[in-house]
Amino acid sequence: MPSEIRSRSWPWVAIGVSVAVALSLAIVSPADTVQGELVRIMYVHVPAAWLAYLAFTVTLVGSGGYLVTRRLSWDRVAASSAEIGVYFTGLAIGLGMIWAKPTWGVWWTWDARLTLTAVMFFVYVGYLALRNTADDSRVRAGRSAVLGILGAALIPLVHFSVVWWRTLHQPASLLRPDGPAIEDPLILWALLAGVVAFTVIYVALMVKRIELHQVADSIRDFERSADRPVAGASVTAPQLGGGLGDE
Amino acid sequence: MSFVIELHDIGVDAGSMSILRGVDLEVGPGEILGLFGPNGAGKTTLLRLVATLVRPSAGTGSVLGTDLSSQQRYAIRRRIGMIGHVPGLYPELTLGENLEFAARVAGVSRDEVGSALAAVGLAGVIDREAGVSSHGMQRRAEFARELMIDRDLLLLDEPHSALDQDAVELVNALVKKIAAEGGAVILVSHDRERVARIADRTVELTEGTLE
Amino acid sequence: MNAGFRSQVAAVVERDLRRERRRGDVVWVTIPFGAMALFLLPLAIGVDTQLLQRIGPGMYWVVVMLFGVLVSVGRASIETGAQRDAVSLLGLDPAAAYVGRSMSAAGLLLVYEIVVGVVAVVLYNIEVIGFPWLVLTLVITAVGLGLLGSLAASLVSSSSAGSALVPLLVAPLSVPLLLGATQVYEGLRLGRSILPWMLLMVVVMLVTAIVGVGTARPLQET
Amino acid sequence: MSFVIELHDIGVDAGSMSILRGVDLEVGPGEILGLFGPNGAGKTTLLRLVATLVRPSAGTGSVLGTDLSSQQRYAIRRRIGMIGHVPGLYPELTLGENLEFAARVAGVSRDEVGSALAAVGLAGVIDREAGVSSHGMQRRAEFARELMIDRDLLLLDEPHSALDQDAVELVNALVKKIAAEGGAVILVSHDRERVARIADRTVELTEGTLE
Amino acid sequence: MNAGFRSQVAAVVERDLRRERRRGDVVWVTIPFGAMALFLLPLAIGVDTQLLQRIGPGMYWVVVMLFGVLVSVGRASIETGAQRDAVSLLGLDPAAAYVGRSMSAAGLLLVYEIVVGVVAVVLYNIEVIGFPWLVLTLVITAVGLGLLGSLAASLVSSSSAGSALVPLLVAPLSVPLLLGATQVYEGLRLGRSILPWMLLMVVVMLVTAIVGVGTARPLQET
């Protein structure tokens, strides 16, 4: 069935193409006058951070959607997006740390953006942890939706932190009110290609993750319908003779 | 009028086990139902299900005309009284303060507290903290609460345990009053004779299933 | 029918404060522990008056945040299943319960902030400046933490992992409050503008309140 | 042999009030005593006094030959079993783990846990956490504990509540066994008929005083 | 007859660790709280890497002390009256109970110290020096705090006014431990003699142990 093969393989094709374009642009783009080749970390670091924003925004939408419609499909969207967002945040932090060592001389400092990014990371790790505690799917959906909404408040905080606290981290150079401040168009294109590639990866992962959630839910439903032991059946009448012997 | 409680093929799961399975039950207005069954059969779980405190994982049901799976079920809680195995008073508050809290939340005048406690014979200990009140006194206070808040459905888990003879009479009077006003009562007990004297009908729950 | 929203809130606040008073947890455990933390620190890092004066305000706010959350956690874990069942069947509006719990927590936190604040001022020789603004900061942080702690407590209550997750949920979310509070003091000291920080704190407080109240009813799943 | 319990003019105070006053009681070896009384009379307090968990504020008394005011009273605790109004198991531990802990502390072989739980019909739920076991199951587990640790004195506060018919028989058997071995048992209950069937003698506690 | 002292201690330790594992209080509350405290502090006092490096070890020990004691006190407050009665009637030797509770607390504290220690090292860029001595310090403080916390906890449960005494009792006794621990690190860093400080900590530990074991039976008044 070729159509099925096609429908199964589209994500891989899309990821392959976009990653190839992004990689080649990242390689041909010029090295930085100050940072040299290190600047190429940016092409992964920045898209990862932006995709984390996107992912957590989708979690916000999914959480709100669940609370309004009470449909578990919204919850699956929120949860899947949060998982991917945590990966992307971790990637941005990890690469940022690798970048920081040669440029700032330390792995980590108490820069506002760094701190708030870590805070955001912890909030969504907490979100995933919370999802693991409740066994009823509706209880879980409701509770995590609250956190999904609350956590989204951190997105603007992380983004504007460089404006509010002027410490170490690079200020916004692209997403800012008076237009991008990058002169070399190739750098701009490489960055954009990276963003596109990450977006494709994000969408593909989302589709897969939602599918997985669906399968997991239906497996649970199936198990539920199957014969399970009855809790009360294991309690039997006392054996009067047993421990008491001397009747 | 339709049924106060109507359960069809209800199941309740916990983890990898079923607690209740395929429970059908109908209780009409004015009815007093005795519920028996061995330890661990699921009687308490059934009461909590009817009180909207446990959600069914299978089947359909309605209580006081409200579907058990709908969001509206929270609106009927005010009309359902339950007394469980263990008292649910705040030990740091006095018996009077406990009832006063209940009255204010339920929208009953605070003046009712005194007379409700007097009715269960606790007028003299209104200022005693629940934590140092005897077990029977705490249970009496809970009955006073149910008396004070006019309930349409009363769920009693072994109401006679820990109550002395006088208090038992009182409980029976409360049960009959609610039934007479068109409400329904479920009495869980292991004391078949005592319940048989007051119940209109009795059912038996064994291994999560009603017979 | 059900009591009005306001009288339910009042009932919850009164219940909480009464229980707290009789148990004495805040007065006898939380406050002394907070004071102890401030007292132990100079011992541990060495007594350098200038240094202490510099890190004093920050220390103070960290202690307030941490113990503030502990108040909510402790309170969630002393509630038994039977008590929860009984309250649910009184027809207590979850939103009223949330507001009431947050308000009583905020009240206790304010007391805590003031007592521990006096200790901090004495021990660290902190300058008290910009009085009306400081008071406002204290109130906003107390309310914000109360709202945040109650929200977290309601998220995990009755789940099998118990109060386990509360700090994990609250601590990161309280960071903006902490930042705001410290920066207001810093701004007052250096004569910088404190409005953005005040705004940040108010926004966090409002967002928490709206999310908390708005989700209280849908959250009530069991 | 002398008395197992011997109380002379015992009083117990709490704060500004007396809970017990002028209590005289003698219970001999092999005796099963039924203790009745209205709610709040002081029955539970009397049991806890006999179990050395409450100290007399007046009078003298001895239990199992040991003075209730002496420091040695802690040494006899191992021989006294008590089951109170509310189960005292650790909810986080399974029923089996709860009993295992009791066995190790009391110096009983751990192998007894299995047979004790089997005797009360809980062999199938040995790995269920106490916190999710039904009220009756928890009480049964407590009886299993008393069965496992050979007690010389057993104090039961409303033992029949929460137990189903089968389990009640078990309690009666346990009580008779201890009496037959020369121990003593006090049964607190509001169910006079049931207790009368098994007790050798009954006494009535009213307002802190025995009649 | 009664089980031997050692098997009672073992039973208590096993019970405590099992309950702790199922509740997850230490893993999910204490450790994240400690880590959070270390994480929030720099936010509050401003980012100065050198300063942080300097106060880091002191901060670490304060956090360990405070939460170490909270572990024990929290544990005492989750015990119900019925549970206490039942355990007493098993003939549990109060001294064995005390030793067992202290040992399980010490074990948990050691885990806590290590995890939070790693966090502190990473966040504050603390140098790890004098490895064997540091390990010894960690063990001694864990045991000392375990003993201290359990003593405090037994006060809490033995009288209603008890909880009021806890901080008063614990704070002065934990000061020598805190001083010892920080000075050992300081001494290692500067190449000074650490023996007097080690000795101080060991003495405090022993005194607490003797007082705790010695008063366990008389304390058990009810």
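Lettered A, B, C, D and E in written order, each chain numbered from 1.
In the analysis below, contacts are C-beta pairs under 8 Å (C-beta built on N, C-alpha and C of every residue); 3 or more make two chains touch, one makes a residue touch a chain.
Since this is a predicted model, take the numbers as computed values, not measurements.
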Taking each chain's C-alpha mean as its centre, the one farthest from chain D: A
Chain centroid nearest the full-protein CA centroid: C
Between chain A and chain E, centroid-to-centroid distance (C-alpha), Å: 37
Chain A and chain B: spacing of chain centres that average the CA atoms, whole Å: 46
Euclidean distance of C-alpha centroids - chain A vs chain C, Å: 29
Contacts with 2+ other chains: residues of chain C: 161, 164-165, 168, 171-172, 175, 179, 218, 221-222
Chain A residues counted as touching two or more neighbouring chains: 70, 115, 135-136, 138, 232-235, 237
Sequence positions of chain B contacting 2 or more other chains: 14, 38-40, 55, 71, 85-86
Chain pairs in mutual contact under the definition given at the outset: A-B, A-C, A-D, A-E, B-C, B-D, C-E, D-E
Complex interface listing, chain C residues touching chain A: 151, 155-156, 159-161, 164-165, 168-169, 171-173, 175-176, 179, 196, 203-204, 207-208, 211-212, 215, 218-219, 221-222
Residues of chain A defined as touching chain E within the complex: 106-111, 115, 118, 167
Contacting residues of chain C [partner chain E, same complex]: 24-25, 28-29, 32-33, 36-37, 39-41, 43-46, 51, 54-55, 57-59, 61-62, 65-66, 70, 73, 77-78, 161-168, 171-172, 175, 178-179, 182, 186
Interface residues, chain D side, partner chain E - complex: 48, 51, 53-55, 71, 74-75, 77-82, 84-90, 92-93, 97, 101-102, 104-107, 129, 142, 145, 149
Sites on chain B touched by chain A in the complex: 13-19, 21, 38-42, 55, 57-58, 71, 206-209
